[in-house]
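What follows are several structures.
Across the two complexes that follow, chain A remains constant while its partner is chain B and subsequently chain C.
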Partner chain A sequence: MNARLLPYVLILPVTLFLCLFFLYPFVLVAAQAFGGSDGLSLDNFRDVVSYWKFPISLKNTMLLAALVVPVQLALALLMATMVNRMKKGRDLVLYIWTIPLGISDLAAGIIWLAIFEQSGFLNSMMTGLGLAEGPVNFLSYQNPGLVFLAIALAEIWRATAIMLVILVAGIGLIPKEYYEAAEVFGASPWQRFLRVTLPMLRPSLQTALILRVVLAFEVFAVVAALGGTLLPVLMGEIYAYQFDLQNGGAAAAMALIVLGISIVFTLIILRVLRVPKGATI
Partner chain B sequence: MAEIQIRNVAKRFGSYQALHDINLTIADQEFMVLLGASGCGKSTLLRIIAGLETQTTGEVWIGGRRIDHLPPKDRGIAMVFQNYAVFPHLTVFENIGFGLRMQKLRNDEVTRRVTRTAELMHIEQLLTRYSGELSGGQRQRVAVARALAMEPDVILMDEPLSNLDALLRLEMRAELKGVLAESNTTAIYVTHDQVEAMSLADRISVMHQGRIVQAASPVEVYRDPAERFVAGFIGNPPMNFLPASNHGNGRWAVADQVFAGPDVSAAALEFAIRPEDLRPADDGLEARVRLVEPLGAHLLLTCDVAGTMFRAILDSDMTVRAGDQLKLAAMPDRIRWFDPDTSLSVPTAA
Partner chain C sequence: MKSLNALASAVAAAAFVASSAPLSADVLFWSTQARPVEEAQAMREQVLSGFEGGVDYQPNEDGPWLTRLNAELEAGSGSIDVLGALHGNFSAMNPDALTDLGGLGVSSSSETFNGLAKLGTDTLQYVPWMQASYIMAASKEALQYLPEGADINALSYDQLIAWAKAVHEETGDAKFGFPAGPKGLKHRFFQGYLYPSYTNGVVRTFASDEAVVAWEKFRELWQHTNPASTNFSFMQEQLLNGDAWIVFDHTSRLAQAFNERPDDFVAFPAPAGPTGRGFMPVLAGLAIPSTAPDPEAAKALVAYMLKPETQIATLRATNFFPVVDAELPDDLPPSVKASGAAVAKMSAAPDANPGLLPAGLGDKGGDFNRVFVDSFERIILGGQDIRRVLDDQKGRLAAIMEETGAPCWAPDAPSDGACPVE
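== the complex of A and B ==
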């Protein structure tokens, strides 16, 4: 085998796979989104954007991401720092913390539903402790704030670990000597975190944030399980267009809008967390 | 004034005793080198002084102040690390100014000090660069400048030159000595390289298995090793040893020869002589030459004397071949004696 050709031959299977199962469907979706009665048109986009639920679902998705992602980032950083300091039992703690990762998002939603619903654990506990007269319906249209918080909580529980594992690996790669130098030159533990850990963690932070933010825009199953239709989100609307309203064109247009939002945020994260030119981390 | 006193410092890691009861006083502005093979505890001792490691027992005093319970930043020290630890995400300027920023100094003061130390280390043209754009030698200069910018009482250096290539090491060594002499700081320098230790130190502390076996000037460590270990460690090649048996009245039989030595009652001592303190003579130790290595100015001979390996450094105008028989005379005032039981040096003078 020609040594110059070999690398291309080796990546050929995966390239073919991606073309067949990613690029081709993507082209189909794009064609559907931009398709109209007379060739190319933006009708589908106009329709979905002007629908009354669009601004609400966009706002809900954004608010959820805005609440969930920073909390997860802070938690994941805290947990990663703690794990990194541990000498014994480090792996065990890490395994336990990453258990939620192994549970599907719908199952996670159902677990939290079992806690919050009218006959759920939280209600039984509060009644048992005498904190409530009778069962309270937390997840009703009368408490939109509670529904939102329950969904945020379930999301934080479910997906913090994905950031955690990336950050643990990243922190483990920072040589100890940098911390010692920072300590000798007068940096407090908090300053060492701000001036050594965070800047040197930038590549891992980029990966973790992009992954998590993109996933946050795709939030669906947890919302469906806990909120039903009480809290419309973008993905839920795509589902409704595709399966309830049988409007493939509109669903495709929405999907492209979500893709567009994800790309914009990815670019913002890459820009904000870029490594300065010439610096090597 | 920054005299350093290390009082009864010991360090255990679990069941491993890394340092045994270290006592050492380093004078203000002295350049002290801790010299020893890897694992001898020299870096541990330095890290205890820096505050990166806590001693199990004992005290560390700097400038009349007990500092072993203080965090590193309150000890009046600065440190140069083996792998430099120059932050890759900061420019050279911000690296040198790191400690000054932590002290919350005013911007113009930071600029003044960073510029001055950068000029001292000849890196003023690199201030806007990042460490990834620097060579190993330049990174080393940044690390030294960062320490000097703190204007510390004590500067600690952990094998700072060991990652540089030979030529650069020679150059940096001379420069370090000059810069530190001008800065009036007390310096502690850890190395396993005895040439580096000899050339830099005011005083060398030779360490072995968690103990300081000798703390003395480079010449004294070389000429009058306090222990057999020092004699066998310092010098390249190190001292030659031969067993000596008591011939009475301070006279000692060494490989069929009789030498004047210490007037002690011990039955046996060890005779030691440096390779360069041997001369070919009509009368002396019978040596069979096994290997001749020309070193330019000198010949390094590996011989066999009474069944023991023996090295001699002779003038290169000699013609010697492997297999030759030679008689080697030892310069009488350079002969040293060691007690084989205690390994300690036994003085000749009454």
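== the complex of A and C ==
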């Protein structure tokens, strides 16, 4: 095999796969979104953006991402450093922490619903301990804040592990010498974390953040399980357009809007956390 | 070892042949109805087992149901033989995608239903299959709080509000239950019950002064409604666990409560407003897609489903009532007896004002429902001004009516051309 051709041959299957299952459907969706009664039009976009729930669902999605992602980042960093320091039982702890990753997001939503429901675990515990007289309804339209918090909590529980595994791998790659040098110069653990770990972790942070932020804009099942229609999010609106209204054009337009937002944030993260050329580990 | 392997594969092959052979001959019945596991099982074992050809009954959510059907229609060939769905599912489809069933010789005994089933063409596009309605149900514990002089079988909305208020004040909990969850059928309450009862219309009167009164009344009722109602979709659950004592829902979504504890609950007609006792019949139908692989077997199955015995078996399995003349036996499940009596009282009430299912909306049925659901979310949950919301939503409703050109249906007065929003 020609050594010059080999890399291309090796990425060929993935490229074909992506063309078939990503690019081709993407073109179809785009055609559907921009398609109107007579040729190209922006009608679908105008429709979905002018709908009264659009600003609300956009705001909810953004707020949720803005709350969930930083908390997850902090938690994942903390957990990754802890795991890295462990001598014994490291694998066991990692396995346990990544269990939520193996659970489907709808199932995760239902687990948390069982906790927060009117007849759920939290309520039975509170009444059992005498903290509340009767069951309190947390997930009602009267407390949109609580619904939001419950969803954020479920999301944090469910998806922190995906950042964790990426960061654990990243931390493992940082050469010990840097830490030894830092120690020699009298750096405190906190300083070592700030000046060595964080900068060296940039490439992993980039990957983890992009993955997590993009997923945050696609939040759906957990919201549907816990909030129902109380907390509209972009993905929920797409589902409603496609299946309740059977309006594929509008659903496609919404999907492109979510894609656009994801691309913008990916570019921002790539730019902010870029690794200067030649500054590799 | 080699012979053992050969034996194993021979057994596997035989098992494969044995399991796949009868499957390929079965008529595929693709349905949005009788979805809960018990109902689907009852359909298979008690209703469809009597059909000679063998039936593969597959119930599904509306989304997947439509996705597969559309894929088969677009491909021009398919494996679905018979479709079972609500009138709304069929009216959203292009009538060309369905085989004309006018020549089949079976139809419902109700001309209103047969008219709906033509989907705007001049022959049956689907055959009416079974019917239901929405009723009220209450836990017997709530009966002691009924306002004085109120007859539970002839309640008015004011009495219902007073009743819910009395329960709320006496027990400290809001015990009226309303299916306002994501899968709840709240829009039907507005379209078939609240609007006909207060405005004697649905489309024409959408933003009328009477409609403002109707929403004010509903807002009053909402004061005494369990705030968790926005998560309720099947009110039988809340009746059974006591979260709600007085509820409104589809008869088949109340059935479990009556079947599990028949002595604890009562079913009764929907309340009446100034313009009568609005109520809405629900209609499910059977159709054959144009891509059916075996249209003859499909037609035989449709004819079989319309036989009086099959209709009674369907009633037992799904709590949906027959659409043909069939003598009801005495040993029906408690839910059927209770809801059947309530529906009969409701439709025979002197002030009955039936609101038909929306017709002629084509694939805009979902948008039409959304107008009402959005009004509910904005007025009741969002606390916005009723007049302002109705005037705003009115534009959307008018656009849907103009786009589809759907003429008015009862109780709106008939229109030439698209039903106007006044």
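Going forward, the second predicted complex is superposed on the first by the 266 of 281 C-alpha atoms of A that agree within 3 Å, B and C clash if a C-alpha of one lies under 4 Å from a C-alpha of the other, contacts with A are read in each partner's own complex, and residues count from 1 in each chain.
As a convention for this text, contacts are C-beta pairs under 8 Å (C-beta built on N, C-alpha and C of every residue); 3 or more make two chains touch, one makes a residue touch a chain.
Here the structure is a predicted model, which means the values were calculated and not measured.
Undergrad: Touching A:228 in the superposition: chain B (first), chain C (second), both, neither?
TA: Only chain C; A:228 stays clear of chain B.
Undergrad: May I ask you to decide whether A:35 touches chain B, chain C, both, or neither, giving the answer as first, second, both or neither?
TA: A:35 sits against neither chain B nor chain C.
Undergrad: Once chain A of both complexes is superposed, is A:177 in touch with chain B (first), chain C (second), both, or neither?
TA: first
Undergrad: So in the superposed three-chain picture, is A:120 touching just chain B, just chain C, both, or none of them (first/second/both/neither)?
TA: Neither chain B nor chain C is touched by A:120.
Undergrad: Should A:245 be classified as contacting the first partner (chain B), the second (chain C), both, or neither?
TA: Once the two structures are laid over each other on A, A:245 reaches chain C alone.
Undergrad: I'd like to know which partner A:187 touches here: chain B for first, chain C for second, both or neither.
TA: The first partner, chain B, only.
Undergrad: Over in the complex, which chain C residues touch chain A? Could you list them?
TA: 62-63, 66, 92, 173, 181-182, 226-228, 230-231, 241, 243, 363, 366-367, 369-370, 374, 377-378, 381, 392
Undergrad: Can you list the residues on chain A that touch chain C in the complex?
TA: Interface residues on chain A, with respect to chain C: 52-53, 118-119, 134, 137, 139-142, 224, 228-230, 242-247.
Undergrad: Taking the touch rule as given, give the residues of chain B at its contact with chain A in the complex, in rising order.
TA: 50-52, 71-73, 77-79, 81-83, 85, 87-90, 98-99, 102-103, 129-133, 146, 150
Undergrad: Residue numbers of chain A touching chain B in their complex, please.
TA: So the residues of chain A in touch with chain B come to 175, 177-178, 180-187, 191, 195-196, 199-200, 202, 275-276, 278-281.
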